[in-house]
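Each of the next two complexes has chain A plus one more chain, namely chain B in the first and chain C in the second.
Presenting the complex of A and B:
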C-alpha cells in the first residue's frame, strides 16, 4: 500500500513507472494540442489554465490552512491591473511585471491575513468579501487605472518573441501553470505545508507545538494572493482588455466553488475542479443543442422560469451539478478519484 | 481491394462536399443561408438589456418569413454572455471558428464588446451596431466596425440647444456619471453652450456606486439651475428627480436616450418622471410610423415570447440590425464581406425606425466615417408615461 518509509519517498514526484508514463503522455498531449485545436479551444485551455493557477493558490489557503476567502477576485484584479500598469507606466518587461504584480497582491494578502488571526469561519468570509468588493471600487475611481473605462493590454513581447495569438500565449501559460502547480506541491510537502495543515486541524495544538500562528496564517494568505495575482496578470492578456466590473463577487464565489468541488486540500483536486467548473461555465449554454433534451429544457424554462429561456435553465443545471457533487461526494472530485483507486486496487474483491 | 474502394469513396464524397460548398465561398454564407452572430446578457447584472438580442431575433424571423434576403435565410446565432467579457470572447470564438459567422450584429456592453473587438477586426469579420454609445467603436475607426448608436455628446448638444433656443433658459447644470458615458455628455453640453456664450452653472460628478445623492442635489439646488441634464444610470436619474422633488427644487430635467423608455421610467420613479425631456434615437413605441407598426405586427406580435414588452430596449435590436440587413440586400447575390463593407459605406440617409444613417468610405483619421447615426429628436414625458414629441428628427453637427 501507500506506506511511506522516509522523507524522500514522500516528496518524490514520480512514485512509479506508471506515473512517469502517464505524465509523459499528458505532457505530450498538452504539447500537441495547440497544433490540432482551433483558436477557440486554445482560448478555452488558456482560460482553464488561469483558473487552475488561482484555484491551486486558493486551495493552499482554504484546503490546507483551513481559512476562507471570498475576496480572491480582488487579488486577481490587483494582479491584472498591476501587471498592465507596471508594463505601460514603468515599462518593465512582462516576465518581471507579472511576478512583481503577484508580489503586490501577496502584500495585500498579508494585510488581509492579519484580521484572520482573530476572525474565523463566517466572520472571516465577510471580511474577505468586503475586501474583494472594495478593491474594484477603488480601482474604478483612479484615473491611472483607466477608471471605469478600463485598460487595453500592451503588445506582449518576451525578448524577441512576440506573443500575438492565443496559441503563442498557450506556450507561455501552460509551462507556467505546471511550474506553479509543482511549486505548490513542493510547498505542501515541506515544513510550511505541515504547519498549515496543523493549523487547519487544531490551532491551539499547533501553537503549543511551536507553530507561529501569525506567521503562517498571514503567509498562507500571501501565497494564495500571489497565485491569484499571477493568474490575474495572465488573465488580462487572455482578454486583452480589463475593467473593474469584470472582477465581481461572483468570480470570487466561482473560485471557491472550484476549490470545494475539486477537493479541499488536494492539488490534483484543484486542477480538476477548476477545469470542470470553468468548462461548464463556458459550455453549458450549448445545452440546448443536445437533441430532444435541449428542446424540452427550453420549453420548460420558457413556460415556468422566464422569457429568456436558455440562460436560466443553464444556471439551474449548473447549480444542480454542484449540489449533486457535494451530496454524493463531499470530498469533491478528488474523493471520486480516491474511491476509484481503492476500488481497482482491491478488484475483484 | 476492399480497403482501396473505401478510400476512393471517401475522396469522392469529400470532393463532392467541396464542390457543393463552393470552394472559396464566403465564411458563413451558403446558397440558402447567411449566418449572423450576436451576444446579449440574458442573466447577470445587465439582463435588462437582454431584450435587444431577442428583438433582433424576432426581426430576422420576420425577414425569413417573407422569404429571406435574395433567397437566403438569415440564421441568427445568439448566446448569453451574462455581461462577462471572458464568456463573450469564448462564445464569439466558438461560433466564429465552429459554425462560421458571416457578420456580427449588435452585442450589448462596452466591456464585452472591447474584449472581442480586436479579434473580429483581425479576422476581418464585419460587426454592425454595438449596443453601447461608446467612442471606443469609432475612435479610431475600424474598417469592419460600423456604429449605429448615436454618441452621447450629440444628445447633450441637442438638449442644450433646445433649452437655450426654444425655452430661453440660461442657467444649465449637469449631473454626470464619472466615466466615459457621463463625460461624453459633459463634453457635448460644454461645447454647445460655448456656442451660445454661456457656461454650465454646475457640473456634479456621481459615481456608479454612490447610494446617497442628497449632497449632489444640494449642489444643483445652490446653483439655481433652470435646467438640469441627467447623464447617469437610470437608477441615479430617478433618485435625482425624486430627491429634488422632496427638496422643493423646481427645475426642468433633461436626460439621455438611455432614460427615454417613459412607461418604465414612470413606473420606477412612481410618477416623478413626468415632465422630463429626453433625447431619443428611435421612433416612439406608440408612434404611428408605418415601418414601426409593421415591425410590431409582423415581428413582435408573431415571435415575441409571452411576457415580453414592446419597448425601446426590444426594438433597439431591430434598429442595430437594420443597416446590416439593408446592406446585405444591396449585395444581391454577391454576399461577401468586402462587398458588404462597400454597401454599408454607400448607405446615405438610410431611414429605418431610427434617425437617418450614413457611412463614408474608410478613413483612418475620421471617426465619423463609421458613426452611422447623427440624428435625434426630443420628447417629453407626459402623464401615464405617454410621450409628447417636441421636435422633429434633426441632424446635430
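Presenting the complex of A and C:
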C-alpha cells in the first residue's frame, strides 16, 4: 500500500524499501566494476557517465522547460576549454576550475536563453544551432586555445591524489555523476523545477501565477549549460587532448537524440538514454567484426552505400535503431518502463 | 479610494478597436460580472488586467497603485489570480502539483536551496511540506481529495475547472478573475460552482470579477454587472437594471426583438 503519512513523502528520494534496495545494488555494482573490467570498458564507462551528465542537463532544458537546443556541443566545448585553460594559465586546481568553467558555460547559456523569450520551436533550434557552430569556429581561431592544433590536458592532481589511469578518473567521475543526477532530481521536485514544467505545459497560466518567464527560461538555459560545461571539462580529461573538431553539430544532435530516446522529462530516462546511445555508438564501431552479420553488412555496404564499406554502415545501423525506438516507443525508454510497470501492477489481468 | 478601478481603457489590434472607453470600479468584497456577446472584448479586458496585453491608453488601479504596464507575474504577486476560459492547466502534473504552482510566489526555495533538498529537515524539504499542507486545505475546501495524486490531463472537464479554481485560490488572491467558470459544465456542476463562488466571496472575503454567458447564474450571484458590446461599455448596474436595458436586449437578441427575458 502506498499510504502517505507525511507531505515530505511526495518529494522524497527513496519512495520505498525496494527502491533503496536496487539503488544499493547499483552502487555496489558501480563500485566493484572498475576492479573487474578491462581498461577499455572503464574508459567506456567514463565516456557514458559524461554523456549522462550532459543529457540530464539538456533534459532539464528540453524535457522539463520545453525549450530546444542544437548548440550543446558549444557549451560542452566551453566547459572543456575553460577547465583546461583555467588550470594551465590561471593555475587553479581541477576541483575549482571545473565548476568555474561550468559557470562560464552557464553565463553563455544565460545569454543564449535571452532570444528564447521571443523564439520558439524551430526558430529557437536555428538560433542555438548558430551558437554551437560559432563557438567552435571562434575557439579554433584563438591562439590561447591552441587554435586548430588543440590542447593537451595537464596532469591531474586532486590534493595529493594523482589521477593517472582511467580507473582513477572513474572514481572521481562516478560520484560526481551521481551527485549531479541527484541535484537535478531535487531541483525538478522543488519550486524551480515545477516552474519550468509549468512554463512548458501552459506558459501564460504560469505567468499569471507569478512565474517570471524571462527569469526561468534563461535559468533553464543556464542550468543546462552548466551541466554541459561540467561534462565538457571532464571529457577533456577522458580524451587528454581537445581540438575544435571534436565539438561538432553531430555531437549536439547526439545529445538531443539521447534525451529523446531516453524520454523527455525524466532523469532516469536521461541516464538510460545516454548510456544506451553512447554504448551503441561505441559498440557499432566493431559491428564488422561480428561473425556472419559483419561480413554480410560489409558486403551490403560495399554494394550499395560506399566503396570502402566501412565508414558508414555503423551510422546506418545506428540511424535505423533510432527510427525503430521512436516508432515503437515515442516516449522513449522511460515510456517503455512506465508501460512495463503498469503491466506488472495489473498482472495477470 | 476604490479597491479596483479601470479608467478609460483602450486597446486596438491592428485596425480592430478591441476595447474603448472602458471604465468601472469594483468595491472590496463584491462580485462584479462582465457580460457581452461573443467577441465583445471580455477576455481581452481580463488579459489587460493581468498584464498579458498592454493597453494603448487608460489606467488600471488596484489596491491603491497603478498596475498598468506590470508583467503578469508582477500582477500575480500583488494578489490578482485568474482562471481561463479554455482550461490552462499543467497537463503533465498532478492536481497537487498544479495547485502547488499557486504557492509559487510564497516559496523562498531558489536554485541552490532546491538543489540541496537532502532530507525532510533541509530548507526546501520543510518548505515543501509546509506549502503542501496549505494546498491540502484548499483540496479539502473544494473536495478534490479523490484526484489529488492524479494527472490533471486525464480528469473530467468539470473537475479540471475546479482544479484551476483551486490553483488560483492557492495564490491567496485579493482579487479573483474568473473567465467563464461554468462554460461547458453540466447543470449539476454549475450549481456547485455557483455555491463555491458564493463561498469564496463570503467566507474567504475575496473580491471576484466574473465573465459568464449563463445569464441565470450572472443574475444570481453578481452584485453589479457591466455589459459591453464591440469593445464599448453599454451599461453598468444591478442585475435588474442591466436586464431591462434596451441596448443590452438589442446586443443579445437583435434589433426588432423585444421579448421579456434576456436569458
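Assume the second predicted complex is superposed on the first by the 342 of 349 C-alpha atoms of A that agree within 3 Å, B and C clash if a C-alpha of one lies under 4 Å from a C-alpha of the other, contacts with A are read in each partner's own complex, and residues count from 1 in each chain.
The rule is simple: a residue touches a chain if its C-beta (ideal position, glycine included) is under 8 Å from a C-beta of that chain, and two chains touch if they have at least 3 such contacts.
Since this is a predicted model, take the numbers as computed values, not measurements.
For the composite obtained by superposing both complexes on chain A, the positions of chain B and chain C are free of clash and fit together. In the superposition on chain A, A:186 contacts chain C only, with no contact to chain B.
Contacts of A:11 after superposition on the shared chain: chain C is touched, whereas chain B is not. Shared-chain residue A:246: touches chain B; no touch with chain C.
If you stand at the C-alpha centre of chain A, chain B and chain C are 150 degrees apart, rounded to the nearest 10.
In the superposition on chain A, A:223 makes contact with chain C only, not with chain B. Shared-chain residue A:302: touches chain B; no touch with chain C. By the touch criterion stated above, A:208 is placed in contact with chain C alone, chain B being left untouched.
Contacts of A:197 after superposition: chain C is touched, whereas chain B is not reached. When the two structures are aligned on their common chain, the gap between the nearest CA atoms of chain B and chain C comes to 31 Å.
Those residues of chain A whose C-beta lies close enough to touch chain C in the complex are 6-8, 10-12, 183-184, 186-187, 189-195, 197-198, 200-202, 204-213, 219, 223, 265. Every residue of chain B that touches chain A in the complex is listed here, in rising order: 42-45, 47, 50, 54, 79-80, 82-87, 89-91, 93-94, 96-98, 110-111, 114-115, 118, 178-180, 207-209, 305-308. The part of chain A that touches chain B in the complex is made up of residues 38-40, 43-44, 47, 137, 140-141, 147-150, 152, 235, 238-241, 243, 245-246, 248, 250, 281-282, 285, 302, 306-312, 314-315. Chain C contributes residues 50, 52, 71-73, 75-77, 81-82, 84, 88-93, 96-97, 100-102, 104-105, 107, 109-111, 113-118, 120, 124-125, 127-129, 132-133, 136, 167, 171 to its touches with chain A in the complex.
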